[in-house]
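What follows is a set of structures for review.
Next come two complexes, and both contain chain A; in the first it sits with chain B, in the second with chain C.
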Partner chain A sequence: MTKREQRTYQQDIVGDGISSIQKVREPRREESGQGIRYLLIGICVLFLFVMLVLPLIVVITNALRDGWAAYREAVFDEYTVKALQLTLLAAAAAVAVNTIFGVFASYLLSKFYFRGRQILAALIDIPFSISPVIAGLVFILTFGNVGWMGDFLKAHGIKIVFAVPGVILATIFVTFPFVFRELFPVMNAQGKDEEEAAALMGAGGFTIFRRITFPHIKWALLYGVILCAARALGEFGAVSVISGHLRGKTNTLPLHVEILYNEFNTTAAFAVSSVLVVLAVLILIARNVVEKFSRAKE
Partner chain B sequence: MYVQMEHIYKTFDGFHASSDVNFGVEKGQLAALLGPSGSGKTTILRMIAGLDRPDSGEIMINGVRVNDLPGSKRGIGFVFQNYALFRYMTVADNIAFGLEVQKKSKKEIKSRVEELLELISMQDLGKRYPHQLSGGQRQRVAFARALAPNPQLLLLDEPFAAIDAKVRRELRTWLKGMIGRVGITSIFVTHDQEEAMEVADTIIITNQGRIEQVGTPDEICLHPQTEFVADFIDAARYEALAAARVAKELSYSGSQKLKSRYCSH
Partner chain C sequence: MEQQIIKVKNKRGVKVIPGFKLSLGVTLSMLGILVLIPLASVLISASQLSFAEFISVVTSRQVMSGYVVSISCAFLAALVNAVFGLLITWVLVRYDFPGKRLMDGLIELPFALPTSVAGISLTYLYSDKGWIGALFAEAGIRIAYTRTGITIAMVFVGIPFVVRAVQPVLEKLDRQYEEAAEMLGAGRIYTFFHVVLPELFPALLAGFGLAFARGIGEYGSVVFIAGNIPNKTQIAPLLIMTKLEQYKYSDATAIALVLLVVSFLLMLFINSVQLYMQRFSRG
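This part shows the complex of A and B:
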């Protein structure tokens, strides 16, 4: 761009009143507001310290209480590694399934109008409102030996309850709405004019999704995936009911922590916990990076 | 008749959006669907475009029944009310989209995009994104994008609604001139009688899902056929409006011309 072009470009933008540069306003400093501000900051910091920072410190110090050797032994223990593998597998499966499902569901509910739309949207939220323990029990009653589909599954030699498929199913269930909840508002706000315009020009469904819908939702999608992964890694209740706690087979990392703790193996329990903490921190960083990028692109 | 609507009925959840809609638009004409909001004019436009399906009745374009033809096969260009420009594509990519979908050659697409950018006098703005444009510029891009695949029929949904009053008149003249220059049969939706009177060759007046009257602006003004049309087209107000405007910005001779166009006696 030459200087002159640049100037007219800026004039255009400013002249049309759609300046993309927002003025950052200094917050007003009022004497009476200062006290309240510090009070609120104080409460926030205290709350975060007691609820988040203190437990984290406890986890780390306890994990390292018996030194690095003990820590390494606990973390690289055969069962810990297996539990980590299963946790990552379940999380990956949950993310894959729920991403596909979330994209389809939010596309359907934001771009098409049909009877029962609202009921469907409410159904998708069920995992948010049901206790994970109950979700686990529901799976046992459905797929277990005495369950509704028990005979059918037994006849075909499929094992779900107290086996890896059950763990994966339970993880998918509890993380079910995350991607959908992130995508739906974004897709809904976009409206369907752009898609209709593309369709009128003869674009097929996949082209429309790839070139019109996807660029709009990609950050929300990534954010949903991250939340879904975070929830999947930490899931305890539903998985605890359905897994049967078989060490090295159906134990996930959070379940492994509980077992170690119940065996009074506190140091190992905290050491394994610290692995989950590291995963959580990585996800937190990813989340913030995504948020920053998505805001920059707006 | 280039476009012909025959006994069109359409209901949405029991709401009669169209009841026995009949009218035709001749080739090369610029027709306005004029009526109060909720009178079913946008529904008619969307049915012609294939975005909505009539419950019964026939839609003919160029003598062919198009009821079962998808919108993309009807040879139409559509300008949405808020333009629906693809926000993650540049102006040039927006215009090129319809041609890319049709798998035209790169060279052909490039020259057509350049031609259209020139037509809308935005040669230098091809690399901008829609959010960097003014309302009027966006409308021009939407217009160029709709025209890119060489449609035979142009449909515009409230093309001036999203533009502020000051530039609206200017754009109106521009659009009428452009449509005349391209020579494309066009139908646009509006609730603004002044807009319809000034721009259209034919006005189709809609009310509660029905067609009240079809005619030239003069016919509608001077010979309203139903009570609703007589009410809706307030000839006296119109004359006053025209006169006031004239007093402000036009010469006396201009005023005479305007008056004779709008319902002089």
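This part shows the complex of A and C:
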């Protein structure tokens, strides 16, 4: 307490008591509160600017440093376009498979109680916690030449490792729990009373899902799809292990960035990166729009 | 009719809602084909290794240093993320300021940005000629191609985990407790550490664990900035990659097995923390 405040305090004790004590205390606290507040906000802004925004600015400035012509050449390069196509294909496959799985699995785990429910939930989360490199490795050990299915696949002329199916499988693997993780808490919180009522009144399984379960989960589903797509578009480690880096064949966009960078073709690497940055920003915007809508509906 | 309903309900409600068999079938078969069978291949492949071989691969100098680099840098990065993540969550939940929505939306960027893009961008930024790297290079501190660089890349990928774990808990936290504490004469800092932090701690720990696990397994964003100097800045996932490129599949499996065990233990830890949280909030 400063000298001046102390004096006021003592005066007030003589004077009208409690209310003026508050009068003295309130502004002091507010002042220091404001100071801390700006300090904390400042630290956060600085941290996020250095950690998140600066890398984006680096990508954009480096992509454009040799001018528009070089940028366009890198972005519309034949291999870049092919890599983009494969990336989109893998992401679409991952989203489709994981949405089907997410809906069935969260329906199963939230509407029915059975033994091993917890274990099943834990198993679904596995791909979330393991290194992407290991995710790629498991497919090599399954379908590759050394894998136990390798001989069978070779005999039938099916190629999975170092081919497009491998890239797709690895992408599905790393994004496997994403839709489930978004849907399950929502379905679980909703409980199963409404479904039970509908079932007792004679509704069939599909009708129950379409008319009762689905309206509750549509925003969460969209949210999960967006997260799944984001991760699928950007997956690098797992795909890197299994793709074999065949240009124009099994190269996804994130892998193409690596190849260009390792060839010291830095400008082109950043130009291709800028395409991915744009995709990432679009996904973030979509995520925020969906979140805003779902909150508004609640 | 009434009796019928009661009968059905007695079977723990399993039969009331249709679709149990279908959803169980779809869930188990997809999980089995896409995740469990491929994962089992690691165990099959590992079982072909003799124990002595396994130990000699895993304890070789290069591999041990890979584990040490991955785990120590990921631990440090998760600590940094725990501190800044808590701060960012606090600012996002408790304060109003222009650009708050933008800040909130930006948190997931490391999630949406491909790790290879993050990797080359961070490497450029922190190399001796980069915008930030040059500042530190003048002071004689090198960031890129050292463990500092690895840690920074791991901080980058871990940012969303702590924030998104703590945010919902802080949002639900009733401010009455803080007001009560302050009324009773506790200072701001005392209130934060004795009233707020204990409530947030399980969520913070879960976020820390997730960021830690992600850091240990991280490959894409780290591999460029690490420089991959043997025994110094080689991370464990890179060693798996290198062994695969040399067609040493059994070595790669052995290294992967240890990493798998580490991440399983971490997940077990996180799950028990979350279970504790659920009980805590219910009771």
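General remarks:
What we mean here is this: the second predicted complex is superposed on the first by the 269 of 298 C-alpha atoms of A that agree within 3 Å, B and C clash if a C-alpha of one lies under 4 Å from a C-alpha of the other, contacts with A are read in each partner's own complex, and residues count from 1 in each chain.
The criterion applied here is as follows: a residue touches a chain if its C-beta (ideal position, glycine included) is under 8 Å from a C-beta of that chain, and two chains touch if they have at least 3 such contacts.
Bear in mind that the values here come from a model prediction, so they are computed numbers and not experimental data.
Contact with neither chain B nor chain C is seen for A:96 once the two complexes are overlaid on the shared chain.
A simple residue count on chain A separates chain B from chain C, and the partner touching more is C. When both complexes are overlaid on chain A, the residue A:278 reaches neither chain B nor chain C. When the shared chain is aligned, no partner comes close enough to touch A:81: not chain B, not chain C.
In the overlay built on the shared chain, the residue A:200 is in contact with chain B and with chain C. In the superposition on chain A, A:46 makes contact with neither chain B nor chain C.
Legend: residue contacts after superposition of the two complexes on their common chain; A:54 is shown touching chain C, with no touch to chain B. Shared-chain residue A:235: touches chain C; no touch with chain B. After overlaying the two complexes on the shared chain, residue contacts for A:211 are found with chain B alone; chain C is out of touch. Contacts of chain A with chain B, set against its contacts with chain C after fitting on chain A, overlap at residues 196, 199-200. Against chain C, the residues of chain A that register as touching in their complex are 32-33, 36-37, 40-41, 43-45, 47-48, 50-56, 58-59, 62, 97, 100-101, 104-105, 107-108, 111-114, 120, 122-127, 129-134, 137-142, 144, 146-148, 169, 172-173, 176, 192, 195-196, 199-200, 204-205, 208-209, 227, 230-231, 233-237, 240-241, 253-255, 257-258, 261, 266, 269-270, 273, 276-277, 279-281, 283-285, 287-288. Here chain C touches chain A in the complex through residues 5, 8, 12-14, 16-20, 22-24, 26-27, 30-31, 34-39, 41-42, 44-45, 84, 87-88, 90-91, 95, 97, 99, 101, 103-118, 120-122, 124-125, 130-132, 155-156, 159, 188, 213, 216-220, 224, 236-238, 240-241, 244, 249, 252-253, 256, 259-260, 263-264, 266-267, 271, going by the rule given at the top. Chain contact summary for the complex, chain B toward chain A: residues 49-51, 70-73, 76, 78, 80-82, 84-89, 97-98, 101-102, 124, 131-135, 145, 149. Of all residues in chain A, those touching chain B in their complex are 5, 9, 12-13, 15-16, 18, 20, 191, 193-194, 196-203, 207, 211-212, 215-216.
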